[in-house]
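Labels for the chains are A, B, C and D, by order of writing; each one numbers its residues from 1.
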Amino acid sequence: HDIGRLTIQCADQPGIVAAVAGFLAEHGANITELGQFSTDSENGEFFQRTVFHCENVADRLAELDGDFAAQVGRRFGMTYTFTSAASPKRVAIMVSKYDHCLLELLWRNKRGDLDMDITLVISNHEDLRADAESFGVPFVHIPVSRANKAEAEARQLELLAGNVDLVVMARYMQILSAEFLSAVGCPVINIHHSFLPAFAGAGPYLKAKERGVKLIGATAHYATANLDEGPIIEQDVVRVSHRESVAELERRGAEVERSVLARAVQWHCEDRVMTYGNSTTIL
Amino acid sequence: HDIGRLTIQCADQPGIVAAVAGFLAEHGANITELGQFSTDSENGEFFQRTVFHCENVADRLAELDGDFAAQVGRRFGMTYTFTSAASPKRVAIMVSKYDHCLLELLWRNKRGDLDMDITLVISNHEDLRADAESFGVPFVHIPVSRANKAEAEARQLELLAGNVDLVVMARYMQILSAEFLSAVGCPVINIHHSFLPAFAGAGPYLKAKERGVKLIGATAHYATANLDEGPIIEQDVVRVSHRESVAELERRGAEVERSVLARAVQWHCEDRVMTYGNSTTIL
Amino acid sequence: HDIGRLTIQCADQPGIVAAVAGFLAEHGANITELGQFSTDSENGEFFQRTVFHCENVADRLAELDGDFAAQVGRRFGMTYTFTSAASPKRVAIMVSKYDHCLLELLWRNKRGDLDMDITLVISNHEDLRADAESFGVPFVHIPVSRANKAEAEARQLELLAGNVDLVVMARYMQILSAEFLSAVGCPVINIHHSFLPAFAGAGPYLKAKERGVKLIGATAHYATANLDEGPIIEQDVVRVSHRESVAELERRGAEVERSVLARAVQWHCEDRVMTYGNSTTIL
Amino acid sequence: HDIGRLTIQCADQPGIVAAVAGFLAEHGANITELGQFSTDSENGEFFQRTVFHCENVADRLAELDGDFAAQVGRRFGMTYTFTSAASPKRVAIMVSKYDHCLLELLWRNKRGDLDMDITLVISNHEDLRADAESFGVPFVHIPVSRANKAEAEARQLELLAGNVDLVVMARYMQILSAEFLSAVGCPVINIHHSFLPAFAGAGPYLKAKERGVKLIGATAHYATANLDEGPIIEQDVVRVSHRESVAELERRGAEVERSVLARAVQWHCEDRVMTYGNSTTIL
């Protein structure tokens, strides 16, 4: 209950680190971890993530937030957030029929490896109900067809908006509308089964096979209105050869998807990921 | 002088391995290495690479070739090649101003790591003359401009066609015409500074930076008339983050290019690479 | 039911490939995949793995085996095995309290990614009973103490010997005696939580932390009487830094263990792994 | 000439970041990059590397150093160093007969990829004289035998002590005595051709082959009186199989050595590496 995190983003300018460090020292907060990055030494964008020890920080977030705005934030034109490590993010997972990404998150979370509460699984199919419920996580089936898409998204939004801090598309095989992404009010992480920007869209393994690539990959990114174009959080690849059939590429790809998505979600839940333009800074 | 290689490609059908192994045994050739692959168990394409020990094979290639055609090759409709490990491929390297790929090949070849003779370096600039000549390799400067491109290619062809077994574009920053590729009469390997098909074309590191990718790569492929679209021989990647500038991405990318190109050239020179459609089988 | 596999090991000598291919062709078996390797071109050890299509091969294994001995095997002094792809290996898994390796195998097997039947889970603790049973796999608790070790192994042998084709130690935290390994009558695969031979024995992550290594790994090997010294089947590593605590190294290591063990088990079940001295040939 | 670096190491305690950032702000230095790490949130060791922009910092190092001691350094019991990015480290390279590590450093340095001046190559053999001199670097041959070892080290020390900031053993096949390491007065980086602590000592590739390992590696570390036991700076591995002979393992290992050593030297020259116990913190 004594560990807090402060993330900051603003135009780079002299004196930021000193001002922030001074503020924290005056408020009895001892910095235990500090990551900082500027995109450029002149006219760059400044990013900082600070982890600090401060007694009862969970109860003092509002006070810190207000003081910081007055003393530091406004002066430097900062976007910033104070969080308490004792309050894990509330996360909803959207899935279709593939189980591997869902199970990886459920299982790692059960082991205590991920800093989050999985509050809900939403699916357009019934298939994975037993998997979710066996971990004690509520499962809601919301069928989606071309005809009812707007209605289905409205029902999803009822469950999600205001109730969760993050939505994870764990191989959810539907495109979320720009309206949904705007209305849901929290970040949405998607896992794509290729090394983006290569093989965006459907059927990446077949395309990879036909192109004879020697590595296949997976990409976790923030979902945006432009499909498969959002800021990339994490990527990884695995070596393949002519020997793997498309089905075997899928199997190997599934393994990469699992670990890439888990890392991206973990970093997000630890407040490590900040977006800038179409890319990310991970501190 | 006693090590030979036989590579075979044909429609898959029963009895190929037995026929080939029988032929070699009857001709006093002992198989020391055999790689085989079929794209499918039915109606697939069959590939085989066989390394064998056979006294004075270097002098018997024509005899083996003729006998094989009569006894095995025609019957199965094979494309096949006999080579002697004692006759390294004659290789020409085309470069512009970047030295890293050229130096990697010259240096590894000097150490005896590559199974080839570098007979010539051709460049559209003078910059790398001293590098090539310090390894005792002739360097020919053929300037290329929009105006003289056809003429320049004609001069390149004079030097290359019939005189080399392989052309390597070691960051040669000109596009070779379809006519050149057809007239040169031997395979052409190109190194592209991205993980194809991502970031084809010019400026891949800038595009990668803007897209926020977490891995950058390089791709060695056979040059075809369609730029950056030929059969891929080898690829690799290296992890990057938001911290690397475009210049630093280039530096790290150069390291990947060096090792990817060297591996692709080595495999080609060992007769390991067979093309099929737009992909490769590497045995 | 028509896919068979033949694995062969013997002293290298001329004519093996031809003899085997001829035998298979005469018996109506069409080779669909062939991997071959010799440790040396002279006086080497010869290894071959052949996958073939042959009608009703599952019912003809004894016939093939007998014919092969008479016509090929004895002549070349071969160790060889015919198997049918339709008969998956019967596998028992031994565990203690760590769940990650067990769950990875259960889950991948349920998805059809592994070519095996998990017939039994044996543990010296009760902790993972629910995990095993939720996949429909019998779980037997056999407590082990210094006092009852011989007795416990005797009970394990009762369940295992003659009933399974493979035992997998999926982080089973007990040392199996030389007597057990000899009496169990089938291979035993172990997963060690380091990149062997570095950090053999207990506490590898603490040792790795103190030594400041930049990569941690996992090793799957066949268990032998010499602890952590058996033939290595597969290894992999993951990059770490000074930032990871010992607990975090364990978490990352667990991920590597899962994929390394799954690959090793899969290769074994596909008859790809042959041992020679203290190393393995994987075809 | 305006970029400075400050590295700090001390017992962790509240207020360090604020004090340092305040000091730099007051001295007109704007932080452009800050890396920080504590080994533990209580009683840990604190490390910080700060890159800052400060006019004419190259001329102001002594002033900054003195002021910092008085205002910050002594108060927190810090070990610290101010350097100017405009003053590259003076580096001597020690080699024997293997050329790959030497050439990698000479070549990368010529391309401007490494932040150092190579002032001298010392070797116990004549073999690599032409390689060094072709890059314009003085080469000194100091033969070493069992009989003259003390004398040879004395001559090496004459050339090195006080004249260089770093010594790199680029496959120098002699053991440097504890006396030498103490008298040379600067850090010594060594490259070992295995993934330490696996296969320490001589002949690692043969040992790796016999053990059947599936990855081989290289380790760059600071040389200490205990052979192959010093703090590790960087490691990497490459995948191998049963197919590679010991000679091929050496070839592949050489590639890993080149990139691992180059990275370690580069990080050292950028003041990124701090040692603590037997491990390193790399910021």
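Details
The rule is simple: a residue touches a chain if its C-beta (ideal position, glycine included) is under 8 Å from a C-beta of that chain, and two chains touch if they have at least 3 such contacts.
This one's a predicted model, so the numbers in the text were calculated from it and none came from an experiment.
Where touching is counted per the definition, the chains common to chain A and chain B are C, D. Copies chain A and chain C of the same sequence differ in orientation by 180 degrees, per CA superposition (steps of 5).
Look at the CA centroids: the one farthest from the centroid of chain B belongs to A. In the contact between chain B and chain C, the residue numbers used by both copies make up over half of all numbers at that interface. Note on chain placement: the centre of chain B and the centre of chain D lie 37 Å apart, centres being C-alpha means. Residues of chain B in contact with at least two other chains: 37.
Of all residues in chain B, only 14-18, 21-22, 24-25, 30-38, 41, 53, 239 touch chain C in the complex they form.
Those residues of chain A lying in contact with chain B across their complex are 37, 39, 195-199, 209-215, 217, 231-232, 234-237, 241-243, 277-282.
Residues 99-100, 103, 107, 111, 113, 134, 251, 255, 259 of chain B are the ones touching chain D in the complex.
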